[in-house]
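Presented sequentially are two complexes of subunit A, the first with subunit B as partner and the second with subunit C.
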Partner chain A sequence: MKTNKGMIASAALLALTVGIGPAYADKKYDTGATDTEIKIGGSGPFSGPASVAGQMVKSVAAYFAWINTKGGINGRKINYIAEDDTYSSAKAVEVTRKLVEQEGVLLMAGSIGTPTQLAVSGYLNDKKIPQLFIATGNSAFYDPKVHPWTIGNSVTTFTEGVLIGKHVGQNWPGTKVAVLFQNDDLGKEYFAGVKQGLGDKAPIAASVSYEVSDPTVDSQIATLQSSGATIFISLSTPKATSQAIRRAYDTGWKPKMIIPSIVAQIQGTLAPAGLDKAVGVITPTFIKDANDPHWANDPATIAFLDWMKTYDTQVTDTALAIAGYDAGETLAEILKECGDELTHENIMKHASNIKAFHPSLMLPGISVTTTPTDYRVIHQMQFESFNGKNWELYGAVVTDAD
Partner chain B sequence: MTVMSTMPDDNRADALRRSLIYTVIGVSLVLALLAPAFVSSYRIFQITTIIVDAIALLGLNILTGYNGQISIGHSAFYAIGAYTVAILTVKFGVPYWIAIPAAGLTSYIFGFLFGLPALRLGGAYLALATFALAVATPQLLKYKLVDTWTGGTLGMSVKKPDVPAWLPINQDQFLYYLCLLIAVGMFIVGRNLVRGRVGDAMMAVRDQPIASAAMGIDNSLLKTKTFGVSAMYTGVAGALGAIVAQYVAPDSFTFMLSISFMVGIVIGGAGTVSGAIYGAIFIGLVPDLASQISKAVPWALYGCCLIACVFLMPTGIHGVISLLAGKILPGLRTKQ
Partner chain C sequence: MQELLHQLATGVSSGGIYASLALALVMIYRSTGHVNFAQGEMAMLSTFLAWTMLDAGAPYWAVFAVTIGMSFLAGALIERLLIRPMGGKQEMLMVTVFLGLFMICNSIAGWVWGYDTRPFESPFDSLAFLQNPYEGPHDLGAMAVTMILMAALFLFFQFTRTGLAMRASTENPTSSRLVGIAVGRMFGLGWGMAASVGAIAGMMVAPTVFLEPNMMATILVYGFAAALLGGIDNPWGAVIGGYIVAILENLLGVYVIGNEMRMTVALVLIIGTLVIKPEGLFGRRNVVRV
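Presenting the complex of A and B:
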């Protein structure tokens, strides 16, 4: 919709001459925004082997459907269009181009899929279309120098590594540490973070890598155990993590074990190892686990669970629903701040200047902050330890800033 | 009717038919050349994807339609083409006019080598062997030893070719014309191949393997070469597909891609050249339409659409079009 500039200008002039305060801010729209609607696109796998992950995008859509029932944002309804990219990067390019060029969305947000979103970030950045709040920890989505129009919605792998390292250094200074890491970008990035976080507070007695294709990590555990370390950081994906938990217990090593947040699922990772063997395992987190009885009386959690029952009916995975709800909440906040200037540029300006915004499901004391030179949205995590049934938060929030 | 009296009739009908076909092809080409001036950039991108798929379908059709060998592993050759072009242009800075033929050649070699042992298998057994290829490829691309080249799970971006400075068109339009040019070339070559002696030999091997061997055709060599040529077509399509999508990642080349190629040739018309084009339009547009109609059950709709096509058009879209043309202009009816 085009604004009649002449009319507004004369109205502004009139306002000035009669001296009734400042003129109304000019409404400014890029394609996808009107007086009544904001069009947003998102993509994720809704079919095919990875289709569970698509529940996150469906949750973002459900979040905005709910916002619309409450009157939308600044009087505008949110038209969130979610497309199925089947986790194929070729298909992701196709649906993203369709959303941008055919549907004319103002921005892309709340998508999931690291390779698929990497595949479209070049295109979106060339077109200067904001690509916001993707569920990924990959650092490529948090680098304003490489992709100035792209911001993720999680803690970066590196930051999480730093926080794990700092936590160990603060709580057990001087204790020998053993590290297992997956021999790929993910594992190496975690490990680099851990090293930085540890600094000279605690020595790394041994570090071994494993391949995703390795059938077991038994030999790696043996090497790590023989180093005499009593803290064991396992920077691994679910299968290897389960194996490491079980093996470290069965051999009688029983170190203090730390695993990354992405694998900290009780059913998916700890149960296969044996819940009794996982007692005492530590992981960092930044979000409230709605299934945890600890939050049963938390108003935000109650509101979330109500919403999930009423609006997010297609979604079964609570963690993905939380991720979608959280992305929706942060995005809604930014759109609210943008007011009537709904341009690509203004959205990016607000998305890269978030000042300690606290989404309702984030842990107390943890907030979202970005600056134009630092797109990492989350800098803090709190640690929790497994008691055989649930995760129990303990200690203070750890932050990566010194 | 005597033979004498039908001869001139047939010739006339033949000439008429041919001139009509050439007119249709000519008009379509002119429309295709003018299209970028009239449709949006996204539509051009979509048509480019369809053109690329048509090349892949022609490749599979040469193998399955004309030579009777079922492959559900063509996603692997598509991936080989895509990765060849990606690695050559990104890691080595090779220009596109070398990288695309190189992708075709690489796929030909892989297809030929895979064909050597596999083509001793027939029917369902060959299908299973090619299935193995389709499911293994995405994993192999992520494999440790090659991931510095392939970019592992995350894949890598591919740049679109730069438009020559003297051409007043944008990158999407340039890519469209490039794909169109390559497709037209490959369709002419493909048509001549299947209409010529080689094509007759392919069909003889398909229909009467014993008779064809008796006539002096080296059945297994011909089958292997056909497999190679088929893989080459699909590889070139993969190369263009990678450039169009500007990205390659292992999970784009799953078994589902092979199946959609198979769907394309059957719906378009197995054993026909133009069927590849109809099939590409079908696999390019119908899944999209299905998801527009219903977000909840797009694949069920797609499935219904497939079943309807198979029942109502047993000879594919090509068959229906020639049937209709024959009904409207009886003189054009293909002589049998």
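Presenting the complex of A and C:
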């Protein structure tokens, strides 16, 4: 009897061991992942004319350095290798191949640069290596049909256009709208979104394009002003936006002006035009502005600013630091969910099934969601208005779904 | 009608921008016989220099004067160190040197000051009596500066001994030397003055287009078109050329060919002038006895 009991106990133990056995065998790794380390690659411009943008990638690196001091993710240290691509597509291809073929990274993440990342997305998709959380709104980075292994980390340019259009339609129905847009992918995608968002709520009285090579946009402003519009949506890059703000003010037009989130930097865009001339300018956002006194007592903002002071010391641009921190946070969450199955496939499975994850610096009420058929991570934004010193949030969160 | 007035007005303010750089091109052509492609970049560097002093809190007009002086020295130094050793004979060699200078200036600015867009102070913005619905106060002020500069250059070349000596050095260096003109010094003076004129252009342009290393790159194309169209050896011709280019570009861009084709207007004017009337509308025809 006693022996029997012992045998049953042994058998039970054996069964348990067998039961646990497959769980250990479930540790699955692709190149770049081990029991102690996950290798991740990133690229951005650290030198040359666009080097400011590279601060975002440096911030991603700083984020993981910080995570490592806290023990890493699921016991693994993150080895984030950032390379300088000088914002040149040829160079981006070179450093990405090096990261994949020589360094053997598990995935590429947290890079910046629309043309440079587009140049490598074909290569990475062919190799089935995830290309995650790039700081760009270009819709090409959010399309599972074209690039199943690529997901960006921003609101798409089109979605943002839709939200701007909806906001105008809801708040100023029937008011004449003037639109200035950069004559390229970026400007056209914004404009297409704005048109859809406006619908028939408000008429577009005039729309004109400008070229990046135009020394000024004065002539375009004259055309728009003459249309009699009182709302002015400027879908432009920083320099042209500064010029537009200044010119629209100097000629006495003074319309209600809306600019996209990518150019809403106080120092970079509004200051050149003159902060007094930019009072009342509106922009959408999905992120907490760490410089805004509104968030001075927000624990997440305080934690971020402390982190920036201690870990992100090479970075001067707060907006880019936030972008890097935010990409790092979402990526860390996904890697945590992946557990011990660190394969390309599993990472993509989790990255394309994010259910309302709320990174700490995202505005309340806005979260990250993806599905295998819809990679657009962000669908909501809130609007803010410039008061001469900082941006002030107002109104409710606007969402692109009706 | 209202729009046409606005388009003409913006044409005039852009014209002022093109004209000011065109004047620097006239200056260098008149005094050395070359067109310096790096003129715009040198002007941009001067403007960064001015920005640094303004940022440190120096008063505007003092900075204005110091920048002109320092640019003059820098221009003369470039002539002595880079240009004179080349002998100024082979056109292709000179073009290469100018392009190299272009890139060096651009990279230095990016390296020292970075590629961010910065605001640049205007001395005219605060003048309330210049307020009007068509032109910004700065545009009007800059236009006045361009006019004064144009008159000064015209008088200098036409009526001063140095101006005449400078013209002579370009036309015929050997004969000039024989009559006692220090030709080398004239070239140095020309480079220095062109750099000073460029510095003024930069400081007048920057409040409108904002300061960054590529500020002058596209303006140079329009400035070149303006100088060629008006006659590259004629200060007032270059200024009129600037206004013609800008107004034509605006009216054609808005009413005829569309905004996408604006730069094409300038390029067509450059080629058209060179093919049909190389001396420009108001330039003097070069007649050579054979």
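By our rule, the second predicted complex is superposed on the first by the 377 of 402 C-alpha atoms of A that agree within 3 Å, B and C clash if a C-alpha of one lies under 4 Å from a C-alpha of the other, contacts with A are read in each partner's own complex, and residues count from 1 in each chain.
Simple rule for what comes next: contacts are C-beta pairs under 8 Å (C-beta built on N, C-alpha and C of every residue); 3 or more make two chains touch, one makes a residue touch a chain.
Since the structure is predicted, the reported quantities are computational estimates derived from the model, not experimental observations.
When both complexes are superposed on subunit A, subunit B and subunit C end up clashing with one another. Once the two complexes are laid over each other on the shared chain, residue contacts for A:116 go to subunit B alone; subunit C is not touched.
Looking at the shared chain after the overlay, A:211 reaches both subunit B and subunit C. In the superposed pair of complexes, A:154 makes contact with neither subunit B nor subunit C. Looking at the shared chain after the overlay, A:261 reaches neither subunit B nor subunit C.
By the touch criterion defined above, A:223 reaches subunit C but does not reach subunit B. When the two complexes are overlaid on their common chain A, residue A:184 makes contact with subunit B while staying clear of subunit C.
Only one segment of subunit C in 2-10, 92-100 or 182-190 runs into subunit B in the superposed model, and that segment is 92-100. When the two complexes are laid over each other on chain A, subunit A has residues 48-50, 183, 211, 213 in contact with both subunit B and subunit C. The touching residues of subunit A, counted against subunit C in their complex, run 48-52, 183, 208-211, 213-216, 218-223, 225-226, 238-239, 242-243, 246-247, 250-252, 267-269, 271-274. In the complex of the two chains, the subunit A residues touching subunit B come out as 47-50, 83-84, 86-91, 93-94, 97-98, 100-102, 114-116, 118-120, 122-123, 138, 183-185, 211, 213.
Residues 2-3, 6-7, 9-11, 13-14, 17, 110, 114-119, 133-134, 136-137, 208-210, 212-214, 218-219, 222, 249-250, 253-254, 259-260, 262-263 of subunit C touch subunit A in their complex. Considering their complex, residues 40-42, 45-46, 49, 143-144, 147, 152-155, 157, 241, 245-249, 251-252, 254, 256, 291, 298-299 of subunit B touch subunit A.
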